[in-house]
Structures are given as structure tokens and as C-alpha cells.
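Which chain is which? They are A, B, C and D, in the order written, and residues in each are numbered from 1.
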Amino acid sequence: MTRKLNVAVIGYGYWGPNLARNVELSEEFELVCICDFSKATLKKASTNHANVKLVTSIEDALKLEHLDAIIIATPASSHFALGMKALKKNKHVLIEKPLAQTSRECRLLIKEAQFRNLVLMVDHTFAYTGAVRKMNDLAKTSLGDLLYYDSVRINLGLFQRDVNVMWDLAVHDLSILDLVTGFTPKAVSATGLAHVDGYPTNTAYLTLYYENSFIAHIHCSWMAPVKIRQTLLGGSNRMIVYDDLEPTEKIKVYDKGILLNPTDEEKYDMRVDYRTADMYSPKLNSVEALAMLIQEFAECVSSNRKPITDANSGFRVVSILEAADISLSKHGEPVPVVDI
Amino acid sequence: MTRKLNVAVIGYGYWGPNLARNVELSEEFELVCICDFSKATLKKASTNHANVKLVTSIEDALKLEHLDAIIIATPASSHFALGMKALKKNKHVLIEKPLAQTSRECRLLIKEAQFRNLVLMVDHTFAYTGAVRKMNDLAKTSLGDLLYYDSVRINLGLFQRDVNVMWDLAVHDLSILDLVTGFTPKAVSATGLAHVDGYPTNTAYLTLYYENSFIAHIHCSWMAPVKIRQTLLGGSNRMIVYDDLEPTEKIKVYDKGILLNPTDEEKYDMRVDYRTADMYSPKLNSVEALAMLIQEFAECVSSNRKPITDANSGFRVVSILEAADISLSKHGEPVPVVDI
Amino acid sequence: MTRKLNVAVIGYGYWGPNLARNVELSEEFELVCICDFSKATLKKASTNHANVKLVTSIEDALKLEHLDAIIIATPASSHFALGMKALKKNKHVLIEKPLAQTSRECRLLIKEAQFRNLVLMVDHTFAYTGAVRKMNDLAKTSLGDLLYYDSVRINLGLFQRDVNVMWDLAVHDLSILDLVTGFTPKAVSATGLAHVDGYPTNTAYLTLYYENSFIAHIHCSWMAPVKIRQTLLGGSNRMIVYDDLEPTEKIKVYDKGILLNPTDEEKYDMRVDYRTADMYSPKLNSVEALAMLIQEFAECVSSNRKPITDANSGFRVVSILEAADISLSKHGEPVPVVDI
Amino acid sequence: MTRKLNVAVIGYGYWGPNLARNVELSEEFELVCICDFSKATLKKASTNHANVKLVTSIEDALKLEHLDAIIIATPASSHFALGMKALKKNKHVLIEKPLAQTSRECRLLIKEAQFRNLVLMVDHTFAYTGAVRKMNDLAKTSLGDLLYYDSVRINLGLFQRDVNVMWDLAVHDLSILDLVTGFTPKAVSATGLAHVDGYPTNTAYLTLYYENSFIAHIHCSWMAPVKIRQTLLGGSNRMIVYDDLEPTEKIKVYDKGILLNPTDEEKYDMRVDYRTADMYSPKLNSVEALAMLIQEFAECVSSNRKPITDANSGFRVVSILEAADISLSKHGEPVPVVDI
């Protein structure tokens, strides 16, 4: 490849600057344009990216010559419309999570990209972290049969008006689950708390049902007094504890140690010394997740292959959230997850 | 009261020795008899309690003159039969949790005790710990409206054959919830994992539904690679984190700090510095819970008052577990909790 | 003041970019010049600061018209020469810690600044963190008589050739001590480990002796397998634990709880329940330390007052390190600390 | 061996009951006598040990026929006199730490035991814990050259009148060091705080000097607001973190990861991601340390071999404490440690 791929970043609010910075650091990409409807935001962009064209509409961005790809980092409500515009102008597209607001929108984007043979990728950032990639490796090699996934992703504050806590926090777990297990849930049950008037559900519990005996459970909340990011992945041979707040030992791998039908004496011993096996904490790749993500986008555009977090994974995650919203309104009644 | 109250302990397996030891340390009680069908177990009892009568059947224990009270620490399957025998001989009764195996059995025990005007108490040990009593105080004074209860009570191993993980672990949370909130759930939804042949559910998630917007959730498991005992109690003014594995700072109280509809900048700030208020960790009473429990039993027998953990609380906890068992078999369908 | 104060940053390696960024964010300062002898480094500076003059020698920087102040963020070996040049051109000066390499150099810089009535400030960054400022407040108000300071500042790796571990890590504790206690040590004893050929001491223990009974001890190391940043400050009324790695609860304040001449029973109780008082963790100011530092520099230049971390505090810290180096070479023999 | 070895326990205060209990649980020993000058204490002993002779003087204990061994758990001031009496009556002797109050007393006890070919053992309990035994194994097999030992053993309260904090807490580290390194220090430097009138030093720092470059440092205190029990053992290949307060992962082993002469970029990376290797936490033997100790005593008496914690280790530990006391009174001046 002789020339770099030209990229425009649409949306320079909370997440856009991180994506733009990583595009600039990439060997394969040239950041040629930043688009935001806010002049003040564009001014901020100009101090960080001196030689980049600044525009206030995606139409202006799409008029640029030799533009290869578009990265969309706007609010979720505009993902579908902006993504569709870019695809229709034959641009490869990377969209911040969630891919779109409904599974139907996702399906339309996927069809458009397939029809035009374009790369359509979703920014499921966690899939590119060292911790999740290690968890994925271990799930494929040494955990044995996967038995359960349990995640607690809670903290205080940040009540958003436009999305509930599942679309803000559980979305991360759904994308991790999608990558690491490779399983697709059949139904989801969700319950939650929404006690602040005018604001959506701030605490939710999701249970995902699968064809096999595997179960997944996610607890997400903006109402917890402490921040917790802890995920358990249990296999028949080994189990993982993934604590994203640990500075270095994010992933701990435990040997299996179940004791069937304990005697009174064993019960007593277990109270005193309840662990029965070795633990190890592997070194993780520390390359920034967003750098890996941008690299994956570049490689897929260059070689026209499917990204790890392709639009289908974006569809699956949105489908589950969609079903969870319905279940939430029905106080936990299990709701089927639609297939693609 | 001139003479001490005479007590017999029935069952000297895992929990009985702890109860017997605390009876001996009590000022009000005299431990006069230990009953166990195993001769080997009785031999162990004799080395710990030199001057206590040892018998192999409750009938022999109940024949003793001047016996005031019976403490039952046998497997749950015998609680009803043994408790009923003791009540019918006009003994005050303390039964290890759960009070009985069904809500119907609980109801029969309660009626018998009421009819005879006897104390019938259940050993919900956690209700007597310094941490839970402090949590109870705070719930009644400074948390504001209670919003949610969330508990994770998981560890590795100890697969029991006769009871599932909810009857082993969630029972503790249900008794804490009963004490601290004073609310009675209307329905319960439970899901779980039971992947080991011949063994009951080893991992379960319970959601409790109430008349008000309060929600309670319990995650209990014998299949977790790490031991966690962490409970959140959220109120409209303050929130509590109760970590039972912390050696000293078991209870932490956080001021409220919700931020509604954050700007991009606030979102960024919260990522860096997500807590927004003071925390304090109150000193806890360190008297052993079982000493408090035995003291409560003694006081109630002496003054004929209702215990904090009376048989009705035992009934409520068993009713929820009963409903949860049905829900578990129906993959999480909410099941009503019966009233007394 | 109508116009902003013009500032040049000298040195754009590891720390300079942080200082430059905070100068740009300041209301009082205008970043007009960045100086670094490396062209590659200057290129990096140009992408971050588009409209700033780039020069390769301090002489070129000092030739700029209307330059008010100089910030020096070069290796310690050049602090004295560069600082002196700037002062002689009547610029206010802020120097990265340590102020200089010897107490004599510090003294000469101080004299020059005094003679010319210029602000001379040292970047003891920790003094401007929310945690240390809170610790300082508490030390002045509620701890009672200060009894001891104990700090562990250890981690793995980063063996530097030009400075030993005391000049890299203990320097932070010395600056915190200087601020928080207001005491000046009379002598210092230092021992350490230097087992890697060609590299200076990588692990050191410093004990500081004072006129009163107060003691201070610092353990710093590049050879620890884990990162620890934990400081204890003990007073006659209260004690502080400051853990800089805690994301939110960096400062914990404990009530006093000493038990004199315990009985066997109390000894036993203490093993089980060793804490005897309440703890609280105050909310900390989360403004970035470097923003506070730059603000302090601006205010001192504008109003010609002494900075919190004035050159005298820089002198005191260097004097202690100087004495510690001698003590280290004498296997811990106490060495007097020179006065200004 | 056809009959069990008969043992008397002298002193039934704080530690004696633990020793007596483990003697009773031992297959090799028969607990035949408990001695304490307090009648109230003996009464307590009688409820725990029904068929054991109770006496109020060691002379009465030593008159018993077929008595093989004596275990002394009295205050340190009586260790020498009681130990000597027992040896002179040809009893094997186990003495609670410290072996005696001076190195001279230790030497006399050792000579007497040697002369009579008796087992003389000191209760350095930590040497028998699963954690320290694992640390010892690792030190001998995989750490490489030992570089340093650093221990923090601090907590609040329990000011004793008769011994300073080094004899109460540092003694444990000295016994661990003695076992794990096999090195004997040449000199010791100790500094400390003794601010409460009528009470000895409550906070102390010990540095131990060796013939090789190895250094050891111990921080012990009764004046810390938090309890810490953390020991680092650094080797040229691997390093250990031993945290005795961790319920299960007491021992963590880290691969070496030193980075010599880092670049600015590496410095930055290390701040973000400072660990550079795998960690593992081995499963520990969970047999109670005192059971192992009593077993060791029984085996040594039976086979007449030297215990792991023989009287010589008791001598070495006392010699270091003796030298540390002198150093403490001389404000940290290094004091030679006497040889046996």
C-alpha cells in the first residue's frame, strides 16, 4: 500500500478525541477531517490536530476527495443515519458502540455494507484490551467447558437521560460475552430500579439464557456507592477473575477446586481455608485498546477482511439490549432475542 | 431469677458445638444435656463439656427434670419433628436456620408455640453480628428511603447434596433483609446453574419484588473461584457497603453523590474522580454473634417476650426460599411468596 | 493585571509536556516558548502547542521580549546553571524537583533570587495534590502532637544511572514532610542496597532525627515486586493513612485507640478485633496538582509573595538528600543536615 | 514406640491453652499435667482438659512419674529458670519465644541440654506456618541469590510494660529470617519511638547488616492505625510478597522485571503499566502451625534429632534483639551481634 488511508472522524465530543488521537498515531491512516456541529468543539479539535480539515456536517466530510473511511463517534441516536450516509458514499465505516439503536437499524446497515462490500465495524473497545484478549485466549484453550459468566459493573453518579444503564454499562459485558464465549443467547430477563423521576432505569440485573446450561448474569448500576468492575468466567477446568480496576493483576486464573458432599470436618476446614488450588496472574499486553482497534480497522479496510468486532457482533449486542428493554418493562419476564 | 435455666443441645455436629460453648459461657443458662445419635460425636462432646448428661435421643433429653429449653442444631430435615416434640413437652425452643423445610411446617411450629405460650426462636446468626446490627441502626436512622439491597455471597467448593445453594447461602441474606428493611417481598424470581450430576443448584440469582419500588437481589454460589461477601444497601440519603471479609472496616457509609444528566466534561471528570462525598466506617460491637443470640434467647425465655429473630421471621425466610425453588424450576418465572 | 504573564518552558522530555500543558490551561500565563536541544522533541512540542516559539537554547529563550518567567524541566544536573542564567536575566523561575544537585547550589540560587527580588519556586508536585493538602490541614488542626511519619514508596524497575533511588523517590516524601510537619531534621541515617554493577543504590531506608521525639522513616525502592505508596502520619489524637494508589479513598483518618498494659483477655480480643475507633475518609479536592502548582507560581509572580514550595523548601530537601548520601556511604552513620 | 510421651504444660495464660489443645490432638503426646500459679486459671484448664493433673508449681509437675517433656508458656522472665529446672530433671523442653531474656541465658540452657542430650526447642510459631514453609522452599529453590528482606509488622494498641515492641513483634521476623535465609547478621541498627511515659519503645526500625550485600529491615509498631503484616523477600531471579492478612493468597511470587536506564518513553510506560512479568500464588499447606510445631517436638523427642527451631535459633534471635536494644539506646548506632 503506497498511500495512507484517509479517514474522517465524525463527532468530537467525549469519545471522538480518543479515536482521532489514535488515528493520528496509526501508520496506516491519515486523519484528514474532523466533523462536529459545534464550532467551539471544532476549535478544540484544531489545537490538537493542526492540519486537519474541520467541517460541521457529514455531507461536507463525504465530499472530500480520496476519503476512504469514516469513524462515527456521535450520540447513538444518529449512528444509523450517519452510518448509512457514509456507506452509501462507499466509505468503510467504524461506529462507536452501540452500532445503532435497534436491531432493525443494525440489520439495514449490515445489508448496505454487504451489498457494497465495505467494512462495517463497531467500536466494542473492551474486545481490544489486553485483559479481554487474554480472557478470550484462556476461554479457547484452558478453561474447559464454559459454565457461567458473571459481571458486576457498578459505580456512582452519571445519570443519563437518553439511555438507561444497560445501554451505558451492560453493553460492555455483552460485547465481551459475545467475543469470549461465542455463544448467542436465546432469551434475556431483566429487572431494575428507576426511582428518579424523568430518568431511565439506573440499576439493572440481566440474566441471559442459552441453549446449553451456560448462564450469564450482569449487574450494572449508576447507584452504587463504590466502583466495581469485576467479572467471573467459570469453566469446568479453570476459572477467571477479571478485575478491571486492578492496576496490574487484572486477570487471575484459578484451578478448579470443588469439593462434593463435604463432611462436617471438611466444612470446618473450608471456612478456615477455603481455597484449594494455585492461582496465577498472567502478564497482559499493555498496548492501548484504541490503538489495537484502529489497527484492526486499518487491516480490515486494507485486506477487506471481517473485523473481530464486525457489524454482526454489533447487531447481536443491540438485539440483546432491545430484548432486555422489553423484559424490564415486564418485570423480568424472559424475552426472546431476535436472530439476524 | 434464682436458678439458671436448664438447656439441652440437640445435635453436636458442625454448629452444635458453637451453640453449646456459648450456652456454657452464658450467665443465665446451664447446659445440662447434649444429644446426638452418634456415640463418637458424644465422646467429643464429653471432652469439651465434662459435667453434662449425654443422650442419644431427644426423648431421653426431654425426660430430664427441670429442663427449660431446647436448642436444635440437627440437619434441617429433622427441625420440624424435633421442634414439635420439644414444644409438646412445653420447652422453649431455639432452632438453627432454616426454621423448617417448608412454610407449612413453620406455620405448624408457630401455632404450637403460640398455643402453649412458649418462645420459639430461629438462629439467624447474622442478625446478631455487630455489622448487621449497625446496618440495621443506620437503615432506621440515616439512610433515607431504602432503594435497593444487593448481595454477593459466593465462594468455591462445598457442594452439598441435600440442599441447594440458596438454602445454604441466600438464607443469610434473606434473614438480614428481613431484619434491616422490615419489608416483606411479594414475589421472587430465581435462576441458577446445576451442572454437576446428582447435585442441586450451585449458583443462583434471586430477585425479590416488593410492593414499593425497592428491589433486592442476591447472588449466591459454590462455584466462584474467590470468596466474596459484599452487600450494598442503598438509601435516598446514604448508602452502605458491608464487606464481611474486611477484618475491621466491615461497614462503610457513603454520602449520596448522584450527578444528573452530566456534560461531556463531567463524564470525563467522573472517570477520573468518580466519588463525590465523604465516607466513614463506624466502630462495630465485637461481641460474638452467638453470644448475643444466646443472650437474646435467655432474655426472651425469662421475660416471655418475642425474640428479634422470632419464628415469624423464620417463616418469612422459608417462604421466600420455597417460592425461589419453584421459580428456579420454571427458569426465573416470578412466584408469589405466601403470607403467614 | 492587563496582560498575561509570558512563560518559557525549558526542557520538553518527560515532565516538561505536563508543565507546558498546564501553563496553556492557566488564565494568568501565556506559554510563549518551548526550549529543548532535541529537534525531534521540539517537533513533538509543535504538534501539541501550535503557536509557541521553539528554540534550542535557553539563551534564545531569554532573548524574547516581555518574557516574565521561566520553568525548568531539564535533568537535575542542569538545574543550577539554567536557573542561574534565568535569574540573572531577571526572570521568575520555577524549577522541577530537586531544586539543584547540592545544598550549596541551592543556596546560591536563593541568594541570587533574593538579591533581585524574584520568585524562585521548586516543583514539589505532591505538595499540591488534594491528598497532601488535606493531610496538611489535618496535621494543623486535629492530629494533636505529631509523633511519627512513615512512608513506603516502592515499585519495580526503572533503574536510573544518574541518580539513586533517594533522589528519585524519597525526594517526594521529604517535600511532603517539610510541608506537613514544618519540622527540620537535625540528622539523617540511611542504609541501602546497590547490587547491580554500574547502577546506584536501588533500595534505601532513611531515618530522620529531630530535636523533639518525632521520628520519620522512608523506605524507597526500585526493587520491590509490587508498587506501594503508603504513608502513615501519627499524632497524639488521630492518625492518617495516606494510600496514593487508592482511586478515591486516599486519605483515611483514624481515632486514637491505644490500650495500655493489656490483660491476657484483652490481648486475645485485640487479635480478633484490633481496631477500637471510628474511621473516616474525607472527600479530596480533585483539581490536578500541576494546575494548582502553576496557579501558585502565577499568584506569587503577580503579587510577589513566597510560594508554598519556595526555594528554601527546595534547599531543605536537597540538604537532607545530601546528608543521606554521605550516611549511605558510611553504612547508616547519622550525618547532620546543614542549615541554610 | 508403645506408650505415648507424657507432657506437662507450664503456664495456661494467653498461649498455653493453644499449646495444650494441640498436645491433646497429637498422636504421640499425652497431656498429663497443666501447671499455673493461678487457681482461677487452673479451673478454666480443668473444663477444657477433664483428666489432666493440675498443679500450681513446676516442682509438683516435675515430680510426676514417667514425665517425658515440659512445654513452657509463661512470661519470658521465667523462661530461663523454669527451663533450667526442667532440663536438670532430664525433661525434654519446648519454650515459647523468646527462648530466654538474654543471649547468656540462652547459652546456659543450650549447654545444659547438650550435656544431658535432651531436646531443647523454641516455639518460633511462624516457622511452622504454611506460608513461611513455602517461602523457605522458594528461597532454597527458585529465588536466586537473596538480596533483601523487608517486613512491616504493625498494628494499633496493646502497649506492654515489660517488653518493647521489638521483643513482641520483630521477634517473629527474626525467626522467619533465621529460617529462610540461613544467614547470621553481623550487626544491627535500631531506632524507635517511646513517647508514652512508663512504657517502652512502641515503634522501631531495625536494619540488619550481613557479611554479604544482603540487607534486612523490619518495621514494627504498636502505634499504627492499621494492621499490616507484609513481608518482601527479594532474590536475583524472583521476589516474594507475603501478606499474612490475606485469607488465601498469602504468598505471591513475581518474576524479575528490572529495567535498566529507562528512556523517557519507558518511564512513561512504567507509570501506566509498571509490572512486567507473570505472578503466581501457590497453594499453601493449611495444617495449623501449632500442630506442626507439636509434631516436630514429638518427632525430635522420639528420634533425638534437632528441631527446625532448635535452641540455637532461639539464641540467634535473642542475640539480635539484645544488640538491637543497645542500638536503640544509642539512637541507631550499629551494634555487633554476638556469636554462640
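Annotations for the structure displayed:
By definition in this document, contacts are C-beta pairs under 8 Å (C-beta built on N, C-alpha and C of every residue); 3 or more make two chains touch, one makes a residue touch a chain.
All of these numbers come straight from a predicted model, not from anything done at the bench.
Shared contact partners of chain B and chain C comprise A, D. Taking the CA centroid of chain A as reference, the farthest chain centroid is that of D. Once the centre of each chain is set as its mean CA position, chain B and chain D turn out to be 40 Å apart.
Of all residues in chain A, those that touch two or more other chains are 227, 247-248, 274-276, 279. On the side of chain D, the complex with chain A involves touching residues 247-249, 269, 272-283, 286.
The touching residues of chain B, counted against chain D in their complex, run 24, 46-48, 50, 227, 245, 247-248.
On chain B, the positions that touch chain A within their shared complex are 13-14, 147-148, 150, 152, 155-161, 189, 191-196, 199, 203, 205, 207, 209, 213, 215, 217, 219, 221-227, 232, 234, 236, 239-241, 252, 254, 257-262, 264, 266-268, 270, 274-276, 279, 331-332, 334.
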